[in-house]
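These notes concern the structure reproduced below.
Chain IDs A, B and C follow the sequence of writing; residue 1 opens each chain.
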């Protein structure tokens, strides 16, 4: 799935085989057709459609409608709020929560910290979308507050993942190498997905220290998506460039990730959402004539893409 | 019109003929083809298209765009605000107002009470959509504040109508029978429409005590919609299950109800909006391939469905 | 581009040739096919598509999604916020900003004044959409605050331009003649475009006193759009009546104007956005069956309309 126009630079030929250096990739190998992870993905697609789980969202005002519609199109149900009392009440009946810091109001500064602490105390799984991480004091203060009550999954573009790792003071060995190229650029990534690989791995390991059952994941969206649980790095190529020409491709992917997190483990949730988005956006590009008809066709494709198609997506895996 | 996936359990065979017990339905009979109410419905459809009345809205952030677009597609005009000074200024030029408590901000707690009192003082008709009634202290406080300055029409799903009757301390005889099955479930109904029949009738009678010309209505959306003015219970079957797969079906129905309330009486407004939604959603289901194209086709169908088609919808009526 | 249903009353036959009276139009003449202004329009269309410039927005909750999607469909990139710290941070990387006062929250009263002063201090170009100018104390206070740190472009319908000129105490000679017909009517114009001609000219001259490079523009949307830099009045006929049947036609035009302002001068930005909207809405009307499919087709047409088609739009010019 592509949420930015950066070229895909993640080819196996560029991988240095240096297992000593932390975070350096070993060789990525295609996931076998009968790999157990593919079964888990197929089950997640079907379980959402069979059980219509509720995932609630605290998300930005720009794309809140698309987030809800994408969750419904994937088969789940949706509830949205900006009030801690609503979110905490609904967490008792929702299986997962999605929080997106795209458009903030002043009172969110306290509200979001309180919500995160409450979700953490309840061991309630949630997905964070650190939109525009690095821009604005208010956003940085909120993201810092999440450090001690972190999400189960973080999903963002490469720039956001790198910026969030910085805000959280995570010790990313390769951070220096990218210091000159990493800067916030509105809500668009200016870094390629692989530049965030090390940050993603370190972040996943940090998250699982706080997570229910010690399982967590980080998903980096780009021309090729990268998903990791801290032990293995998965790459999911494909998708459509048109995803960068509609607003909310990334946000709604985060929301759908929460929908899957309501029925499965964090790694499977992130992989399933990414694979569904790649296949659905490819189908939508074939069926459309511009960004208006693309969005319409994309929601149709979320609804119509089969569990078989999603689970048989091209995926590579490498041990960290 | 269906805003939830609950099966339609409202069949005349399940009706107990016991006129002694309050709220027990008598036999529902089809509305005659030349019933005067059908004329009023046809006139409402045409009058909106001929006069493009302004109905203003204070509605949630998720579906605010669809509410406005649905009002425009039905033929009206729209204005949206969250400020008491705006709403009160605009009430002088708008014929009706729509208030939806789906996504609240902290300042709404005082603002919405002030707005309701101002509308009541001006005898200005308005529609309340008690989204997620029963969830959150802030929402409950706002809904309680409406008790002494209530709307002209309440439109919600069965769970919301039952919950609102509880918040308002209305004396619903059958409430105990449903106490174990009624609970808030996000924004989705978990109760069937008929379980809210008694609450709807009592609520309509309560509302008309405060309403301009002592006329009010309550509409319960479900697989079969239920509309009542406190004397007669109307049922409107049909619609599309796909309405549960887009966000804002219910909210925009509330907004379009306000558009009709700008040109007609509360009962006719609620019946017209429900019948239009049923016919338009059936047409949209025929013309679409998933939830994306369904929403597009639904707005087209709101625009294209004739007054004749709307007014000749299947409707049954029973005296309370 | 039409954002209201007012008939187009701007014909050259109604123009009085009285150069002594300020603001009386001289004869409007068609812009030559090889006029330099047409070249600038074609360059603006292409430069946005080639460089995907970032324009940020502080805009209303109703149409924020359409604003972003229209900016993307025109070829730009988008970022949205409601926080001064976000807007001021992002102004350093965005080339232009769009501010729309459609749906206000209480804290916007201070926030928007602070943002305007900050943009002014940085000589950062921005577009104001004075939605519903004249309604509500909060909105009037905000618009008054912009008077001493004004935008580079104002885009509105005739009623809004006239109301804003009044709020800013601009000395519009013909204002008295329209005093009885000018009143706020929700967000719909009740005045025809030419009634705002004098206000637009005076406003453009006022704005350029504060603007970077002393260049500014005012755009009045209607059945025929009117754009002026204070010296010349341009008129752009055409577009589709269906633009009045979707919400956000005007708001998204303001957002796309900011996208063009990121790559060109204010006059060219306003002309380019207006001409693109007229051609795209005509194409969308041909390709659609109602307001749902119209909006979808309109976004496709923003994406597909060529620079050649936009720059060869019918445009007349008259010296003031």
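The rule is simple: contacts are C-beta pairs under 8 Å (C-beta built on N, C-alpha and C of every residue); 3 or more make two chains touch, one makes a residue touch a chain.
By chain, UniProt protein names: A, B, C = Hydroxyethylthiazole kinase.
Computed from a prediction, not measured in an experiment: that's the story for all the values here.
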{"item": "Relative orientation of copies chain B and chain C, as a Cα rotation angle in degrees, nearest 5", "value": "120"}
{"item": "Interface numbering overlap (same over half, different under half) for chain A and chain C", "value": "different"}
{"item": "Where chain A and chain C are represented by their mean Cα positions, the distance between them in whole Å", "value": "37"}
{"item": "Where chain B touches two or more other chains, by residue", "value": "61, 65, 105, 295-296"}
{"item": "Footprint of chain B on chain C - complex, ascending", "value": "5, 60-63, 65-66, 102-106, 132, 135-139, 184-188, 244-248, 288-293, 295-296"}
{"item": "Residue ranges of chain A in contact with chain B within the complex", "value": "52, 54, 56, 61, 64-65, 68-69, 72-73, 77-83, 85-86, 89-90, 93-94, 105, 107, 295-304"}
